[in-house]
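The two complexes that follow have chain A in common; it is paired with chain B in the first and with chain C in the second.
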Partner chain A sequence: MTLKNNNKRFNKTKSKLPFKERFRKNAIVYIFLFPILIHFAIFQVFPFLFSFVLTFMDWRVIGNSEWVGLKHWVNFFNDKLAWKALWNTFMFSVYYIVPTMALGLILALIINSGVKFAGFFKGIFFLPVVTSFVIIAGLWGWLFRGTDNGMVNWVLNIFGVDSQLFLSDSGQALIVLAGLSIFKVAGSTMIYYFAGLQSIPNQLYEAARIDGASPLKIFWKVTFPLLKPIHFYVAIITTIGSFQIFDSAYLLTGGGPNYATTTIVFYLYQQGFSSLNLSYAAVLSYALFFVILVVSLIQRKYLGKESSFY
Partner chain B sequence: MKKISFLTLLLVIGLVVAGCSNDTSGGAEGEVGGEITVWAHPFTGDAEKEEEMWDKISTSFQEEYDAEVNIEIIPWANRDQKILTALAANNGPDVFYAIPDQMPQYADVGMLLELDPYLEGYDMDDFVDSALVSTTWKDKLYGLPILQSVDTLFYNKSVIEAIGEDPENLPETWKEFEAWAVKAKEQGFYATSFQGGGSMNNTLYPYIWQAGGDIVSADNEVLINGEGGVEAFSFINKMYKNGWIPEDSVTAMEQNALWEDGQMLAILGSGNTLANLQNKGKIDFVIGPPLKNKKQAAYGTTGMFVVPSNTDNPATAAEFVKTLTNAENQRTFNKVTQYIPARESSKDIFDEQPFLSQLASYTQYTLPGVINPKGRDIMPMIQAQLQAMLEGDVTPQEAADAAAEAIEGAVSQ
Partner chain C sequence: MKKFFTYILLFILTFSFLLPFLIMVLGSFKEVEYVLLDPFFWIPNDPSIANYTYIFRDGIFLRWILNSVIITIIPVFSQMFLCAVLGYIFAKKKFPGREAIFWTFMAVIMIPQQLLIIPKYIMFAQFGWINTYWALIVPELWGIMGVFLIRQYLQGIPNDFEEAAYIDGANDIQIFFKIILPLSIPVVATVGTFSFISNWNDLFQPLIYMTEEKMFPVTVGLASLLGKEGNFGVEMTGSTLSFIPTFLIFLFFQRYFTEGIQMSGLK
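Entry: the complex of A and B
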């Protein structure tokens, strides 16, 4: 609270300075910022605003474009497939976010536990992050092939479990794709959590141990709550990542079976680049933008309130 | 996020320059001369050989005309995006390579130059009829074909022998193929491949054509749930339920491992399959004719060169396309790329190569997919219904009807 008041006072004092004075003081900052801001304005702000205008047009690559008012927005609200794609994306997030965070945390705890060859394990866990997604997806497709000679099915058969269809089953395909993303991304969440774990002061653990707390209790009462800023950050980036999921569906299922893995970005891509329905693709991109905005605001409200704990 | 940023950027660039584009459709315009840019793609893995090929073709053009030709080789990845971006920015090529489902989509919105006015006295009769189907939209010619391919069944000789059949007498009809499939299944083999996650051109469509049906006509008449369409859906369903095609056929993108492992009687393949088989030399194979139920038919693409309507030099671009696709240059091009020439007279390059010669003889049965501006839009809709059927959620009739309804919705927009 005190810090906030101080900041307010500081801002007030700052704004009282005449513009010339402020400019003179900060000139070097503006010089460095200028090219970046120009780039940002041209490649981010302008397309962002203009694509909104395009949602009200029937835009053609060559030829005359027409104003069509709210046609594409009305189509969006009546487009069952767009809503299914949003639902699939939401379900993908459910399958993906918490397991990615949990696995990243578990891996971080392993390498932070003082285990021998921690550096080696860190490298192994991080390997999927730096490997090309196309290669990882190819391996995943091979592991989860729906025939008896698929690797996972072969293992299941050894334990007497029937072969599964995996990517060819509407009920399993999205989960398998989420598994792929978890495998790919858990290494980077591990690094964030590892950094978080390193920053927790050792005396807190010592105090807990003196008080007779069990390792499990120490984890839930000390480690887990003190990682809150990391939880918040990882939750935000995995949520945004999950809403933008595209590659795995594109590479492994083509959005099928029967639209079971058609996510909103995959649908957007199909509309924009296969069907050349670029205005409708712009509507879908705005829908995605609003979803991510709302979810991020909710997360911020419930997870990101506190920034210091001790 | 990259893709969204790219999309928005593309939209903006396009809008800004759209107003500046000139409409040059209509009669033949201008003199041949000046400079043109041609966008082609790497057709083989041998860049050096291809460079020589393009030099030879360009020289044959420049011997006749005082014009400069810049050949630019664009990687295949995201080629549509690259072409669209360049054309939208009025900075695109004067000639580019196109495929059958791309042509009507571009032609319908006026993005391509009609070539008919430039073709007076040009030898068109030598082109394979099925190749010209792909380059024609609403009775107007928008491209000239350079290559063709044909999808047909490649049989594993060892499996044929294992099921007690004769490699010299391959199945020609669905009925004969069914008899072989039953035997293959009994011996623990899959009968053939079916990549339900890939293009319908290589899965459902050929069966529909073979059953005497079609998908949708150029004037938007929906035909997929006709007698032939339903029969094709039923046949595929039967193949899946009987285990003639692999369990992952619902969404599989490729099933090469099963074929290469000798677990499959036949795989649907084309010239690339032939090249792979010959390079690896692991599987002793024979090539079968496209199957027939009511009609013998197969999918085969046609590669063509087209001219965008906003080219600054339409006469030279059109003339170059004519030179590029003449009989001699078809030989030069297809000798290197190992595709099938789109001119009958140029097919003599395969006189010494029996397998390629056999494939070339099947181009008369090929169809290039759905020639309709909505051809690309409707494919995922049909695919979804086919997958629902294979999963057992709907009957073949219901799947065909639902696909028809989805197509109706798409073409009426």
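Entry: the complex of A and C
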């Protein structure tokens, strides 16, 4: 009891330090935090709230804006193209997430297997991650030219496969775009997996080897399950990234052919900044936000539970 | 035997990861005027710098590079400094509402950029910021992810240095510059490299805020080349030139990239 009282008194005297003394110890908080909070309010909080208000208005770039209630939300639910865009985005995720994780894991396994110059190869696999989408998309467009003399078609022809149309084929275009993203992002999933592999204690491998397990069996029974927290984290970030895909669709296909690569962000961009229908674009951005929120909550619930394996 | 297969696989993967970059650099020295009949059209039999002189002919490409430099360098240094200050505040300072503010920041990361861009476009149009550098610089002056990284890092550093300096009569601005900042150089470098790559490579935001050709950063400029030129050599030249700064940063700061990625993920 006395101790508690003493503590209280101590705290009181501490808070009654002369202003000069408090300022000496906390000047940096007084000087920097306030402007940062204002900046945060202007560029993050206000836009977030404002975009919600926008969905109930007809916002005009020139002229008077007016309240229209739920008009844009009703339009959204009846807009076949918006649902197609959501579906395309979902299909993009299907083509993209697992291959990116698998390729990242394979790269990490190779780097971690004791090859020479591992750091050098790690750098090469990471290079596309730091390269802009514009550069890679430009190259991709030439590699996947839908004519007989495109490079990928040339390789396919060697193996006796007919030339493909790729970006001009509504069934293939989205897959080619997913391939681009896999190439660009696998390097960063590699880094996560590499860190995960290094945290697995060596004794586990040794024990498995002494028990006579084959390398493949060690991988599936020891390595793969122990990487569960990494699988979880990588799955979340690749999923969120895949829903925001825009650059490659904008650069290579313009949403076509026949809307096959119109993803939700591309559709949002078209509605907002080509048709200047900003309010409807805000509705689409909320749809995107909602999908991302739901996906991360589901993943947190079902995958997150087992994230601590030891 | 197992090693042999690993090396074969490593070789194939390395080749396929490097090939696009090889095509880009070699292709920039190739003049292609006719229909491309050969899949290996990008190998220059007669290397020439004609594409380079062509791309610099009217100075617009140089202007794009300059724009990119401006909208990248200012946020990079500002982010390194402000994220360090904020990381220090949230790691070491005690004040009411500290945790609430920090976790509000972290919650906001969940909001996709695409949601904020529409209201920001309207705001910036009101501010008269469209087609000015302000639209791409001011919102990027600090970043939540950077604050998070530096806070994590500083939480792992004991308070002893700081307390000793207080006893010697230093104020906390001095402490920040003399003790905290030098201690956090590795993580500050990570924040800087991340910021460099994300600003230099950003396409979505400048595409919306910059509509005049002379205000394009190099990403948007290059995208407009892809659209209208259809000239392989010129495209590859533009790509190579805009790739050089990224590549140099990557070459010198690779360690900070990979460490930063790990830190952001495995908290």
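By definition in this document, the second predicted complex is superposed on the first by the 268 of 310 C-alpha atoms of A that agree within 3 Å, B and C clash if a C-alpha of one lies under 4 Å from a C-alpha of the other, contacts with A are read in each partner's own complex, and residues count from 1 in each chain.
Note that contacts are C-beta pairs under 8 Å (C-beta built on N, C-alpha and C of every residue); 3 or more make two chains touch, one makes a residue touch a chain.
The model shown is predicted, which means the values in this text are computed figures rather than measured ones.
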| field | Three-chain arrangement built on chain A, chain B and chain C clash or fit | value | clash
| message | Going by the contact rule set out at the top, does A:Ile218 touch chain B (first), chain C (second), both, or neither? | response | neither
| First, second, both or neither for A:Leu276, with chain B first and chain C second | first
| What is the contact status of A:Phe121 with respect to chain B (first) and chain C (second): first, second, both, or neither? | second
| request: Have a look at where A:Val61 lands relative to chain B and chain C in the superposition and call it first, second, both or neither. | output: both
| request: For A:Ser51, decide between first (touching chain B), second (touching chain C), both and neither. | output: both
| message | With both complexes overlaid on chain A, does A:Ile191 touch chain B (first), chain C (second), both or neither? | response | second
| request: May I ask you to decide whether A:Leu156 touches chain B, chain C, both, or neither, giving the answer as first, second, both or neither? | output: neither
| Which partner reaches more residues of chain A (counting touched residues only), chain B or chain C | C
| query | After superposition on the shared chain, which partner residues are touched by A:Leu167: those of chain B (first), chain C (second), both, or neither? | reply | first
| query | Where does A:Ile28 make contact in the superposed view: on chain B (first), on chain C (second), on both, or on neither? | reply | second
| Candidates 204-212, 240-248 or 258-266 of chain C: the single one with C-alpha clashes against chain B | 204-212
| request: Indicate the residue numbers of chain A shared between its chain B interface and its chain C interface, in ascending order. | output: 43-44, 46-48, 50-51, 54, 59, 61, 141-142, 145, 149-150, 244, 246, 251, 265, 268-269, 272-273, 278, 281-282, 285, 288
| So in the complex, which bits of chain B are touching chain A? | 1, 3-5, 7-12, 14-15, 18, 21, 23, 80-81, 84, 87-88, 105, 109-111, 196-198, 246-253, 257-258, 261, 263, 308-310, 374, 376-377, 380, 383-385, 387-388, 390-391, 393
| task | Can you check the complex and tell me which residues of chain A touch chain C? | result | 23-29, 31-33, 36-37, 39-40, 43-48, 50-51, 54, 59, 61, 106-107, 110, 113, 115, 121-128, 130-143, 145, 149-151, 153-154, 183, 188, 191-192, 195-196, 215, 229-230, 233, 237, 240, 243-244, 246-247, 250-251, 265, 268-269, 272-273, 278, 281-282, 285-286, 288-289, 292-293, 296
| message | Under the stated contact criterion, what part of chain C meets chain A in this complex? | response | 2, 6-7, 9-10, 13-14, 17-18, 20-21, 23-24, 36-42, 82, 85-86, 88-89, 93, 95, 101, 105, 108, 110-123, 125, 138-139, 141-142, 166, 171-173, 176, 197, 200-201, 203-204, 207-208, 219, 222-223, 226, 232, 235-236, 239, 242-243, 246-247, 249-250, 254, 257-258, 261-262, 265-266
| message | So in the complex, the part of chain A that touches chain B is made up of which residues? | response | 43-44, 46-48, 50-51, 54, 59-65, 141-142, 145-150, 163, 165-170, 173, 244, 246, 251-259, 265, 268-270, 272-278, 281-282, 285, 288
